[in-house]
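Structures follow.
Here come two complexes built around chain A, the first alongside chain B, the second alongside chain C.
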Partner chain A sequence: MQPNNSLDGHILSVLRQSLRTVLPDLSEEQLVLDRDLAELGFNSLDRADVITMTMEALGVEVPVVQFLGVKTIRELTQLFARQSRR
Partner chain B sequence: MSASELGIGIEDLNVYLGCLKVPVRSFFQARGLDERRYGNLQMQDRSIALPHEDPVTHAVNAAKPIVDALGDAERASIEVLVTASESGVDMSKSIASYVHRYLGLSGRCRLLEVKQACFATTGAVQLASGYLASGISPGARALVIGTDVAIVNERAQYAEPTIGTGAAALLLGPRPRVFHPDHGAFGNHSFETMDSARPRPDFEIADVDGSLFAYLDCLDRSFAAYADRVEGVDFERTFDYLAFHTPFVGLVKAAHRKMMRSTGADPGQVAADYERRVAPSLVYPGQVGNLCSASVYLALASIIDSGNFDEGTRVGLFSYGSGCSSEFFSGRIDMESKRTLAKHRIAQRLADRIEITFEQYERLLEENMKCLVPVADRVLETAPYDALLDRIPDRDPMLVLKRIRHFHREYDWV
Partner chain C sequence: MKIAITGMGAATAAGYGVAPLVDTLRSGRSQMVAGAPLEPPVLARLPDSKPGSPPGAVEVPAGVTRLLARSGPELQALVWAGMEAWVDASLHGGAVPPRRIGLVIAGHNLTQSRALEVELTYAGRRRYVSPRFVQESLDSTALGIVSEALGIRGEGVLVGAASASGNAALIHGCRMIADSSVDACLVLGAPTRLTAMQVQSLANTGALGGATQASNPRRACRPFDEGRDGFIPGQAAAAMVLESIPSAAGRGRPMHATVLGYGSALAARSGLEPSVEAEAEAMTTALARAGLSPGRVDYVNAHGTASRLGDETEAEALRRVFGAARPWINSTKGWVGHAIHAAGVLEAVAVVAQLCGGFVHPNANLDRPIDSALHLVGPEAIDQPITHALSNGFGFGGINTSIAFGRAPRAEQR
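Presenting the complex of A and B:
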């Protein structure tokens, strides 16, 4: 895996904001890049909320189904980065 | 003449929702599910069928009060009977063929069974309405019945507490008393995906994330297709109520949240809008579970019975079926809708269901899992359940499966 600084900082901060909006009890330290979102307590509905909120904030409009199988904050950030570039 | 001039719509609507129920919470205790996730479902009870009930009896038991209320001429005007189901009892012979017999409908009738997971009833309603509106058979009516049974056990995990059983029967015709569709106001979105399926008659596949994400995409896209057809549409202001396909209440809440967020509403506005426009649709579904393609019509019935409205109220409906196909459409309801539906005493019949224990449920489950499995011969004993049925006050006669003789199903009224 690449070091953290290879990730788009803006996307990561928007995503972290969405994650903490959905589950406000999580601390910044708990949002480790390679932690599985389900393990952090995000169920399917929560994950859908995080994805759609982040899409809104980034102005990305793609089907939610493209995010199937994406498990970690790192993977989500990378996928959003690919889609924002389009 | 167009459909609106002919006024084709839903003349009558009734549901059959089983005789038994189990509290959803008891699944969490008995199956060792994570209690924290109970809140996500937002469901109180699940309807449970008896072993001598099947998609045929559900359909007949939903439609019988509608057909019984018709005069001879009106009954003879039912020229199309469609059953919509993902619980087929035979690869070739339709559920509709049995339903036609036990409802005593005219021989001058077209019979059909359709399948597209939880979208099938809406698909059939739209096609049948188009046929009626074509004017080639003036005065004709169509009876469309969505009917399904639950065939899930503990393997389904969090889906087990939310699957319902039952049917919704819709009489379509030129004198709509329950629902007047907005002419030409619809939008579709469909694509191939494997989010849920029934590859075997006793086995269901459900990809929770896949289903949820496809549902959300379809809502977004079918509403966009609707808005392309209908001028000046606004998700927040065009509809007084919203009735969505309801796999479980929490999903509808999430879907509404997603749609409202795109309008720029803040969380407080979203919550208030949910209580006002969405919550009335969930009173019945929350007590029954996922009624498959009949679900959105149970949600509509819930609005008509529990909504606080008088005249000219517009409802936006979203129907979604895995696999997947979907539609956003709309129509009007009024006080006559309330009066018509009140005759079916849905809230009372829901309250009259008998609550069984989880142990009783598990014993029934063993039998109910066999419901769609093809066998040449089988005799069903109804006597062991007489005591349960006797506890239901003022129970109407119900159709039950008595036996299967060389694959032919035989039914009777009890």
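Presenting the complex of A and C:
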């Protein structure tokens, strides 16, 4: 499934870049929307790193507590999209 | 006391590995270059190119490789030197249980340059600082990375004693083995990155050299020469594997050399001035612990920074300890610079290389020796069997250390 507009597309591309900065061995094909971050090899510190990096690149601030239940790339993209639209 | 040295590693301006270091020292090739703005006027720099794997490389866990790829050259050099020593000591075969191997890293305040960068970069937008920063900003992060890279599970600690950190770490490693906490111990000298203000502050004290020779950097570092104008920093990491004699013998591991004794003495002085008494005390204690009379020492690797007062003070301490004995004296810092926290380990590697190779390396730019009573090596290496050697290391805080080394018994040499 593809993102439904250009904002989501932009967020996804920034997020994928952060994901690959933290785990450079991952291929672009592995970073599909419904993949679980833990299954891809991201531990809790890696996830926090990805989130901070993405917030910086997008220029948004999201309270850490909002990320607690987030498991997949899709959920992360949606959360950043909601914050970016504010 | 007798502790075996079964492995060595180095990453210096001469290149990655012990071999290029020994080649540089033996042939007397200065590694000094002119510094960039905000750097010292002259320095010895780690090679620009990222190192490949050391020979006979260890398989490093993917997590460590990733971390290193995002780390600065200092951490990469540290791990590289550690891996070289690890393989040299054949610890990669699992011959010594991980729980019986210790890790001592020489140095403190290692992260302050990086920490300052991050503090300045994120000052106005601190919400975006990496969650890794808290870990990165602590010295202990190096213990985590090296121990994960090599699978070390014994005691681990950093030892801080300014420019004497390397010797202090070797001494700590010897104690860990002597009290049976571990059977083998990797001692790593960590590269030092000074901040711009530290560089300037050192220049303002008059300790930092190079200002008068910036256009001719290879002539800048002149330990024990009348024309010296201060120490020249040298980026480097160095590594040494210490091991108990029964452990090395039990796994049939030949040794490079042995540690025979050590001495450490505070000067009870808060300023930067060196102390003849405390330097002599450190050397005398090392000799006494090693059961050596001054006459049995063939060679001293001096602290020899090329600072005005430092060299003069050490020369007097050497005269006081050795009198008519006159061992050969040289300074490794003249060729590869002062590695600060790593200096003691780097110079221990240089001492052992000279013990094994039967030579003493030249002194750099020693045109007019400050003291004709001392047996300072001249511009060429001298082939000369060495049985016993001392290596001095002194640090701000009034810290004075000296370590006695011995050639390995013939049957156990590599």
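Rule of thumb we're sticking to: the second predicted complex is superposed on the first by the 79 of 86 C-alpha atoms of A that agree within 3 Å, B and C clash if a C-alpha of one lies under 4 Å from a C-alpha of the other, contacts with A are read in each partner's own complex, and residues count from 1 in each chain.
The definition used in the following text is that contacts are C-beta pairs under 8 Å (C-beta built on N, C-alpha and C of every residue); 3 or more make two chains touch, one makes a residue touch a chain.
Because the structure is predicted, anything quoted here is derived from the model rather than measured.
Of the two partner chains placed around the shared chain by superposition, neither chain B nor chain C is touched by A:L40. Applying the stated contact rule after C-alpha superposition, one finds that A:P24 touches chain C and leaves chain B untouched. When the shared chain is aligned, chain B comes close enough to touch A:F67, but chain C does not.
Look at A:A81: by the touch rule set out above, it reaches neither chain B nor chain C. By the document's definition of touching, both partners, chain B and chain C, reach A:A48.
Across the two superposed structures, the residue set of chain A contacted by chain B and also by chain C is 45, 48-49, 52-53, 56.
Residues 43-45, 47-49, 52-53, 56, 63-65, 67-68 of chain A are the ones that touch chain B when the two sit in their complex. The touching residues of chain B, counted against chain A in their complex, run 37, 40, 193, 208-210, 212-214, 216-217, 221, 250-251, 254, 257-258, 261-262.
Across the interface of their complex, chain A is touched by residues 62, 66, 69-70, 125, 127-132 of chain C. Here chain A touches chain C in the complex through residues 21-25, 45, 48-49, 52-53, 55-56, 61, going by the rule given at the top.
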